[in-house]
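Below are two complexes that have subunit A in common, paired first with subunit B and then with subunit C.
After this line comes the complex of A and B, so read on.
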């Protein structure tokens, strides 16, 4: 029953997409200045039916309707309510439907909210966006249909992978989808702008809000994913340069570059083609990331049961996208004059873009090199985290320095005076760095430089905030908050990296382990029955020998029954100055338990400063007028 | 002769070119130093020039009944159904680590029969098999 409704709705959306493209093409030829009413209606119907189809799937999951293969494979009647809903997008087919939902919703909103812009430009955008929608709809219907029926109807479902049953991971996909799929709208808009000759300032204004929305959600989505990895995967880290994390960084670098150069296009009416390239590549990189993690080429939690035909479809679609983007770009490309003064805001924004491009290339090489080598020579390699650390971290130093002083420059040409004054906090930064170095421990020259520039950026931002508040100017604040967040993030990651403590050992119940600063007493274990799993809870008494402070930690081993899986739940004590982190695992029921103990300074501040970067973005979205 | 404007432009282009070339070279050089090669136990046995001090990855199936645990480490045997290698590891193992399951260990080779792991890679899905291991098994377990 649900299967028929679902497939019916999706087919209806498909028909509406064709109709939209058809009427939009006809409307292009008319001389009227406004878009026909019928196109708005078609688009509205399309949005309504897409949302309805997604709701149908959610109802299927809520009612545990196992007549749908997708529900049978990914849900279970005893799963908590919240995870039944989250299960909808916790699998390949359902997440593809969510993907299409976002494409359609953004398409409609873009049409409605940009009513002041050129008619041709808006119609072309609609046509391109609907072509994308069609592409993904065919994909959905041909080999990833979430509404495929199953007969005879099974009595019970197989259940959702337990490590996905987590609040952070339930909201992580929708956030990232708004971020990554939201890029599609300015991919379409960039193509449309080339075709309709609607470039420059006005184009920048039309896509500005959409770029900011997708940037905010991307950033937030990546942070939530990172927080999840920290407490769920039990390695005690927050970033591993894992291929999947890297794949999410690629579009992020492009979109961050875009956010900045878009300001130049809006204010100075230059860099148009560069902005178009960034618009196109942001969405292309998002699809590349999806292809890499979904096809099973990169192995990760995102690889749902891998099926080669899916990879092939996305690959063909991707090549078509890149090919048409390149064709349109080069046939419509016009010469543009660049006239930049070295001491101007636009030069510094361009510098940001160079850094972003460099980071992007580095990460891209890190991801693609092993794949190419495997295809060409059949040699299996992987690129370790040191590669990214060595290449990227040194460049963060000049990057942060420019990030602090860049915004101080004015458009076109600045006076010399400003830069001297803003260098002043560097002495403060050197002082604070010396203090940390002297009292808490020594570290390398590079770390010194990182700390100095990070503190410089932080102090500089604080001075900026003070100045802007006294002038009652709030339009600069979002930018300062995001930059300050980045400075703090680098600073706390640096501290965390330098002063973390990690111990691995095996203990039997009742044994005590002594390290330099801590005494860890494995008191006992208890077995607890919970809603959909059984938990083995360890009781650990932790004594800080220096401060004579006692803490209790209770890590768990969870045994899920549907599907039968073990997960290790870390015990984390979060304090303002540090996190105590302890995981316990057991291999083949031996008496020894595998213990990993970590003390991670300022962990919570890493999350706070990362969230601050996003907060700046959301704040800017809520302010109507922009910084100048 | 060239005007000042043209000269400036040439200078600009040349420096951009040089900077990007050196950036790419720098990236490739660090890449070469930090890649981890993946080998199966058989490849380790057969290869003459296998580096002992260098970080690498070994993968295969955890042999049945081979896991032993002491206070300091876990020892287990990884097999590709032709050859075996003993792996020692101190640290927490991922939750899907078990006998007769695929595993990838990252670390250094002591000798051709003994590998000290620094990391055991987590697999997120009980039905998922790393492509490297799948290939080995398809080749050997016929």
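After this line comes the complex of A and C, so read on.
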């Protein structure tokens, strides 16, 4: 029943997509300056039916309707309400439906909110966006249908992977999808702008908001994923340079570059073709990321079977997208003359773009090289943290320096004086770094440079905030907050990396372990029955020998029944200055437990500064006018 | 028409990358059970977990009528689930011998794991860094490969063995 409703709704959306493309093509030829009413209606119907189809799937999950294969495979009647809903997008088929929802909703909103812009440009955007929608709809219906029925109807579902039963991970995919799929609209708009010759400043204004929205959601999505990894995976780390994480970084670098160069296009009416390239590549990179993750080509020893036929479909789709983008771009490309003064804001924004391009290429090589090598020579290598750390970290030093002084320059040409004055905080930064170096421990030259430039950026941002507040100019604040957030992020990651403590040992109940600063007392163990799992809870008493402070930590081993899985839940005590992190895992057939204890300074500040970067973005979105 | 070198470079790079992706997808099929069935296993040499001086290689498998090579680790939860099927396989049938390959594990944990759940293996090979397993074409554990005395792969099971697969193995070795 639900299966028929769902498939019916999706088919209706498909028909509406065809109709929209058809009517829009007809409307292109008319001489009228406004878009036909019927196109708005078609688009509105399309949006309504897409949302309804997604609601249908949610209802399927909420009622545990196991007549749908998708619900049977990914849900269980005893799962908590919240995770039933999250289960909807926690699997390939459901998330694809969410993709389509975002594609359609963005398409409609772009049409409605850009009514002041050129008709042809808007119609072409609609046509391209609907072509994308059609592509994904065919994919959904032919290969990944979340509404496929199953007969006989199973009595019980298989359940959701317990590792995914976590609030952070429940909201992580939708955030990322809004971020990644949101890019589709300016992919379509960029193609439309090339075809309708609607470039320059006006084009920048039409996509500005959409770029910011998707940037905010992408950034937030990546941060939430990283927080989840820290709490759930139990390794105490938050970024692993894992191929899947890297795949999510690729579009982020492109979009961050885009967000900056878009300002140049809007203010100086130049860099148009570069902006178009970034618009196109952001979404192409999102789809490449999807391809790598979903096709199973990124198979590491940690992943399980995936379906290669999905990969073939996405690959064909990807090829069509890239070739049509390249063809349209090259036929419409005209040489632009750039005449930038070295001491101007646009030069520094361009510098930001070069850095982003460099980071992007580095990560891309890190992802593609092992795949290429494996396919062409059968050699298996893995590119891990050392590569990325060596290549990326040194570049962060000049990057942060430019990030601080760049915004100080004015458009076109600046006076000399400004730059001298703004370098002043560097002395403060050197001083603070020396203080940390001598009182808390020594570190390498590179770390020194990182700390100095990070502190420089932080001090600089604080001075900026002070100045702007005294001038009552709030329009610069979002930018400063994001830049400050980045400076703080690098600073706290640096501190955390330098001064983390880690101990790994085996303990029995009742035993005590002494380390340099801590005494860890394994007091007892309790077994607790919870709603959808059984938990073995350890009680640990931790004494800080220096400060004579006692803390209690309770790590868990969880035994989920549907499906039967063990997960290790870290006990984390978050304090302003540091996190105490303790995981416990059973050593089979013995009374011993393997204990991993870590003291990680300023962990919570890493999250706060990362969230600050996003906050800046959201703040800019809420300020309607953000002129200089 | 002028030839634009940068265009040619860009297009050829894109075509090359897409081609590699496509090849990569085809390659992935080699993980598929069906493609490996019928092929011979590659040569290997593994040392015994309790006694590093004892080795096993493909030649020794020729003495068994059937051999099931099972990849496991103490940290792997699904391995616990399939373990009872391995135990009953080793009890039920004399025609089949089971080798365990201990994948990316700590020695003590592995030994404890087998003490706790029982040991269905007549040989437990050590693969601490996981390299030997990868050359078997393993990409996640648990996985099992069933070979005959000519070292031909008869069946490959990705993920934990369940009731139906257990029965299928019994049928295959009849």
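Methods note: the second predicted complex is superposed on the first by the 617 of 628 C-alpha atoms of A that agree within 3 Å, B and C clash if a C-alpha of one lies under 4 Å from a C-alpha of the other, contacts with A are read in each partner's own complex, and residues count from 1 in each chain.
Convention: a residue touches a chain if its C-beta (ideal position, glycine included) is under 8 Å from a C-beta of that chain, and two chains touch if they have at least 3 such contacts.
Just so it is clear, the model here is predicted, and its values are computed rather than measured.
Colleague: With both complexes overlaid on chain A, does A:504 touch subunit B (first), subunit C (second), both or neither?
Modeller: first
Colleague: Looking at the overlay, what does A:340 touch: subunit B (first), subunit C (second), both, or neither?
Modeller: neither
Colleague: In the overlaid three-chain picture, which partner chain does A:358 touch, first (subunit B) or second (subunit C), both, or neither?
Modeller: first
Colleague: Touching A:330 in the superposition: subunit B (first), subunit C (second), both, neither?
Modeller: A:330 sits against subunit C, while subunit B stays out of touch.
Colleague: Looking at the overlay, what does A:565 touch: subunit B (first), subunit C (second), both, or neither?
Modeller: The answer is both, since A:565 touches subunit B and subunit C.
Colleague: Which partner does A:312 reach: the first (subunit B), the second (subunit C), both, or neither?
Modeller: second
Colleague: Quick one: classify A:291 as touching subunit B (first), subunit C (second), both or neither.
Modeller: Only subunit C is touched by A:291; subunit B is not.
Colleague: Classify the contacts of A:239 with the two partner chains as first (subunit B alone), second (subunit C alone), both, or neither.
Modeller: A:239 contacts neither subunit B nor subunit C.
Colleague: What's your read, subunit B or subunit C touching more residues of subunit A?
Modeller: B
Colleague: Determine where on subunit A the residues touched by subunit B overlap those touched by subunit C, and list them.
Modeller: 296, 299-301, 303, 305, 380, 565-566, 585, 587-588, 590
Colleague: Over in the complex, which subunit A residues touch subunit B? Could you list them?
Modeller: 161, 163, 233-235, 296, 299-301, 303, 305-306, 358, 361-362, 365-366, 369-370, 379-384, 386-387, 390-391, 504-507, 563, 565-568, 583-585, 587-588, 590-592, 594-596
Colleague: Under the stated contact criterion, what part of subunit A meets subunit C in this complex?
Modeller: 291, 295-297, 299-305, 308, 311-312, 315, 318-319, 322-323, 326, 330, 368, 371-372, 374-376, 380, 564-566, 585, 587-590
Colleague: In their shared complex, at which residues does subunit B touch subunit A?
Modeller: Contact set of subunit B toward subunit A: 23-24, 26-28, 30-31, 33-39, 55, 57, 67, 69-74, 90-99, 122-128, 130-132.
Colleague: Which residues of subunit C touch subunit A in their complex?
Modeller: Touch residues, subunit C against subunit A: 7, 10-11, 14, 17-18, 20-29, 31-32, 74-75, 77-78, 81, 104, 108-109, 112-113, 115-117, 130, 133-134, 138-141, 158-159.
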